[in-house]
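Look for chain A in each of the two complexes below; its partner is chain B in the first and chain C in the second.
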Partner chain A sequence: MKKRIVSKWLYPVAIASLVMLSACGGGQQAQPSGGEQPAATGAESKEPIKVGAIFSLTGPNSPLGVPEKQAVELLVKEINGAGGVDGRPLEVVFEDDKSDNTEAVKAIKKLVSKEKVVAMLGSSGTGPSLGMAEFAAAEKLPLISMAAADQITNPVRAGIFKTPHTDVHGTKRVFKYLKEKGITKIAMLNDSNPYGSGWTTQLKKYAPEYGITVVAEEKYGTKDPSMSSQLTKIKGTDAQVLIVAGTNPGPATIVKEAKQLNLGIPIISSHGSANSKFLELVGDAGEGVLMVAGKLLVPDQIDANDPQAAIIKKFSEGYKAAYNELPDGFAGYGYDGLNLLVEGLKQAGGDASKLGEVLEKVKYVGVTGEFTFSADDHNGLTEDSMIMVEVKDGKFQILK
Partner chain B sequence: MKQLLEKWGKGIGIYLALMIVFPFVMPDEYYRSVGIIIGLHAIVTIGLCLLMGLAGQISLGQAAFWGLGAYTSAVLTTKYGLSPFVGLVASAIVPGLFAFLLGRAIAGLQGYYLAMATLAFGYIVQIGITEWEPVTGGASGMISIPQVPFFGDSELSMYYLIWAIVTCVLVFSLNLMHSRVGRAFRAIHKSEIAATSMGVDVRKFKLNAFVVSGMFAGISGGLYAHYMGILDPQPFGLHESIKFLTMVVIGGMTSIWGALIGTVLIGFISEGLILLSEVIPGLQGDVDTIVFGGILVLIVMFMPEGLVPRIRSAYEKAQAKKAKETAAKTQSGERVERKAAT
Partner chain C sequence: MTELLQYVANGLVSGGIYAIVAVGFITIYNVSKVINLAQGEFLMLGGMVTVALIGMNLPYGLAALLAILAVTVIGIIMQKYIIAYVKKANPISLIILTIGISTLIRGIASFIWGKDAFSLAPITTNEPISFGGVTIATQSVWILAAVLIVLLLLWYLMEKTILGKKINACSINPMAARLMGISPTKMSMLAFAISGATGAIAGIVIAPLNVTSYDIGVLLGIKGFSAAILGGLGNPLGAAVAAFLLGIVESLGAGYVSSGMKDAIAFLVLIGMLLVKPSGLFGERSVGKGGL
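On to the complex of A and B.
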């Protein structure tokens, strides 16, 4: 009899204690990870400047968010080692949005109300970034996003900036290359997620300007295991080149299947797939694939006279030393984001309330490109900071 | 009002007190936003509870109604400049209509087939929202959806707006349960054949349950859209539907309070996990999915009726036992007295 009572009460009690346990954690503040120790330069006596950073550390966007966080952590250490910003140490409080819009909005509210951050970085994906931007714009909190979509900074909102190349830059750079080569008929096969559909819109919009016609417009689902039916359709058209926009593994699958189907036309893949993971996934089938990307993809092939050469070299060497791998474009977006914020803070004399205005005048040479922010351009990049590369012998080779 | 209090006296009193006090116990904007999200989920799960627990119909597509509501209000207010209140009314009607059509089409289905049909409906809606780009903005979604102007647009006023709606939905559902309709629902749940033979129009009642649950989900969706300010199709998939299902099952399908408590519990546990992850660094990311899955398995194995009905029956048993004991005591006491007297 006694035993039965025990078992009857065990589960409610167990669950209740679980809840209690989790409620007990309530007193704990979010731990700032990385670089919160003030440097031994007398900066510790001053109050730190608190910046929030929300990245997608888990979920489908984690291949973007993890390198972004690593780059930011590295930079925080470096900045504090050099005496901080205006003599005050920099403190970055990280949150994970799990690649989810609601979580991102909750996280930014938490950072603002609990941590009293003065500026924000993030997030990795478009949806979470847009949600955060909505809140940040209402709160007049400066935010620099690492997501690709054009609509984050178009239309321009006070205090909202972003670092990556947009689909507009990628489209223009690819079309410039096609014009040089005299190619006029293109097919496209893009992911149906926000990134891919952004590319579809821009490719269609700018094609007439460069005298290009779109002869086939296909798309695929992010998790589709095979795109051979779309490729067969494209093979039946007179397209001279296939443009693919998506994040891995989709583009890699397309490249492999195109080889099996003997598609016979060159493939140009977007900057969303331009990283070492792509090379790993395509293997031999990748030979001859063209990509449009930022210069950071080939740090050792950048011309020494390039204004970006110095910072790319410094960042890629520092990153390699810390994490034993070369940084990809996403790490670069995070690195540039924090650098821009710090540059803005320095120019504003550490006064965060002026940051939004000051950032509009900032000029800064980053690893992604040369940023020239203005009142009506909160991305500040041009398509000229992107390069075309070819996959040769399992490596990226810059096309001159 | 007096009747209300008599019917579920203590329950509703405790609920109201907790609900009103919460934002002041946690005077932190962040916990208010957590409270808002929990409230939004609660509106959906109470509707789902009516459908699942009372009428015995499973729905794996509840997030689709949620999404329909969200997009209806968002499109009307952002594209056509209507007031958010008009948008919210429409966000109840449009998913209700969809639920009506879906319900009519699949009212004859049961068990697995019903689950499959609602699952498919969920996918169709999510794909439809993604593809209908001129209206919904496609995969990139919509931005700058206006706030609901309810005594300003602070976190606190939004909290009270949402929990006021939760309260309305709750009272409506509790009332429904104690009415003829509620009894008919429960009869359908036990056995459709028996219910039919007792003169219950099974088809009509099932349809009603579908429409009501769809409308609740729609209202919650509309509020979610205005609260977030942006929308994309990602949150309205199977994952969210299953999360709603988990909340209802944990709390107890057959009880409206169960749905509410299950929702609050899941909300608190995921907040607790976030706090724990700051102490234990390994506990990051999708841990909550694993924990919820584990809890669901435990509940289904050991308490298939759910938390609230189990606690309630345990409480009632304890009361009965106590009553028995006191009765026995007084009896034996009387006997002793009688003995002493003789």
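On to the complex of A and C.
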């Protein structure tokens, strides 16, 4: 009797543990892209240049991290196909931070101690990037982040750069638009994570400069299932527009609930949610939502005279050919990040220890914007490389 | 005033969801004395399976029906192959076991569907309904209707049918029930099936309001559990009332105090209430109901 029970027991348990094991395995598919290489000691000509890349491949930031990784993989192939950097092949070792700050720091420590990478890309989110930047700055390891918040490169730290537009650029671009439209009263509902808080700070800081008053300042938690109470509060104010800063699904939930509550004022969402996932999540509730974003969001609507037109066309066509979908802004951040790193390595003659200084003099036209790094600007972009788009018929439409 | 009514309306909708979860907890608890902490996962599965089936080009209604069936079967499997095997274990071990099961279900879900959020189209329309300045989503009406229907059906089942009497008998005195030819194991399985089905229904009706993902069950499970405790564990009516109260307090707290403190306020009220009345708001009935 006893034996029968035990064997009956074992069967489901064994299956359960197998499934669990494979589920755990799923989260760790981000392993080195090349073979195991011994640590780089001498600068022998055939030794690959090892760069680490940490992106959020799972978790809430995965819609950012996955395209970033895809863009970087594509570019690595292209660079190595054209003879590598300074005659040496480029090897990028990927890690997943699971959209988590602690995981990101663990991953960068691993890449530095085990893989001996000479420079870093990543991560996708502001929180993980700040943790990594702290570590990289202490280790004097050059790092280019793909996260939005201004704090990453402000104050400037040696060797720490970033490619996306900051919340300062986004704020200024939105305010410029509002000024054109004669709108003076805004409400904001931002994620309480570092990305959203960054926006809250900048919106409040620059509002007086553009003659704008903030009449409601609300926040929500990244995992909150409903923001209807905050929206009800905002509905009771005389705000003329609602600004939302967060990464999906938060802004999508807000747009849906705003429609359910009949909020009645336009919503402007930040570049953190500007991707196809947003359109998919909001469905027809998204009609008329405005967004501030990089030009890459609408590659086919960019003016041919634009200095970025050529590189945007090249990147979006190459990406489409490889992955059968158009790149979004996040893919562009990854693409620009590695391009900048390679540009820096070339100018430094392959010597990564000089990368930090060299990058400060780099000028490069990317898909995100025209980068002009300097000793006191490690982001190198201006708000003029951002555009305002409107969701029309389930697509992003550029506003002239 | 309109604002106050709007907060109450928002609170009623989330309270309705908590009510279904809470009643699910109690249905299982009453029969088997197990607190099934995988209850939130039943909701998640309901929503996610529906999304997945619609993705396979099945019509909405059929997808929802299949999802409810699937989750019901998962509830039965969980009872039959896991809980029933460890009948001799004490309730604490069983509770820990259900935590393990919930983690397992979440792990499998994130493995199958990834960690992205998904959206489900509303049952009827996306247009909001407005009366007297208070606006709610049409979907919210569906949610409240589903909650009321589920609660009514459960009440009817428990109070007016022989099956309900059998379940009650097992809950009051399993030994005597067994002597009368009622199998407590079967009734316990039935309770898991009911919890699975109601959970899945709740998961399906709430998914269109915002988004659904592999991890939405955690928070909903905690909220539903709080409501069950607040109402006095063992009393479905008390749990439902407590769930609506919890939803409204949460919404008012977010509106008038601070949106960042929403959950904290709700749980503070819970702790305060339990300090004053440890048996819960309507706790009398649960005393002496332990089958001892």
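Going forward, the second predicted complex is superposed on the first by the 357 of 400 C-alpha atoms of A that agree within 3 Å, B and C clash if a C-alpha of one lies under 4 Å from a C-alpha of the other, contacts with A are read in each partner's own complex, and residues count from 1 in each chain.
We take it that a contact is a pair of C-beta atoms (placed from the backbone, for glycine too) under 8 Å apart; a residue touches a chain by one contact, two chains touch by 3 or more.
Only a predicted model underlies this, so the values are computations on that prediction, with no experimental measurement involved.
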Next on the checklist: Which partner chains sit in contact with A:K110 here, chain B, chain C, both or neither? Use first/second/both/neither.
Outcome noted: first
Next on the checklist: Between chain B and chain C, whom does A:G59 touch in the aligned arrangement: first, second, both, or neither?
Outcome noted: both
Checklist entry - Can A:R88 be said to touch chain B (first), chain C (second), both, or neither? => result neither
Item to check | Touching partner for A:S192 - first (chain B), second (chain C), both, neither | outcome: both
Item to check | Partner chain(s) touched by A:G131 [first = chain B, second = chain C, both, neither] | outcome: first
Checklist entry - Touching A:G283, do we find chain B (first), chain C (second), both, or neither? => result second
Checklist outcome for this item: In chain A, both chain B and chain C touch residues 8-9, 12, 19, 22-23, 26, 58-59, 62, 192
Item to check | Parts of chain C lying in touch with chain A, wherever the complex brings them together | outcome: 2-3, 6-7, 10, 13-14, 81-82, 85, 104, 107-108, 110-111, 114-119, 121, 126, 128, 130, 135-137, 139-140, 206, 209-211, 213, 215-216, 219-220, 250-251, 254-255, 259-260, 262
Checklist outcome for this item: Given the complex, residues on chain A that touch chain C span 5, 8-9, 12, 16, 19-20, 22-24, 26, 58-60, 62-63, 192, 218-221, 223-230, 232-233, 235-236, 248-249, 252-253, 256-257, 259-262, 277, 280-285
Next on the checklist: Quick check: in the complex, which residue numbers of chain A touch chain B?
Outcome noted: 8-9, 11-12, 15, 18-19, 21-23, 25-26, 28-31, 57-59, 62, 96, 98, 100-102, 105-106, 109-110, 112-114, 126-127, 130-131, 133-135, 138, 149, 151, 192-194, 196-198
Checklist outcome for this item: Per the touch rule above, chain B residues touching chain A in the complex are 28-30, 33-34, 37, 130, 133, 138-141, 143-144, 155, 228-230, 232, 234-235, 265, 268-269, 271-273, 275-276, 278-279, 284-286, 295, 298, 302-303, 307, 310-311, 314
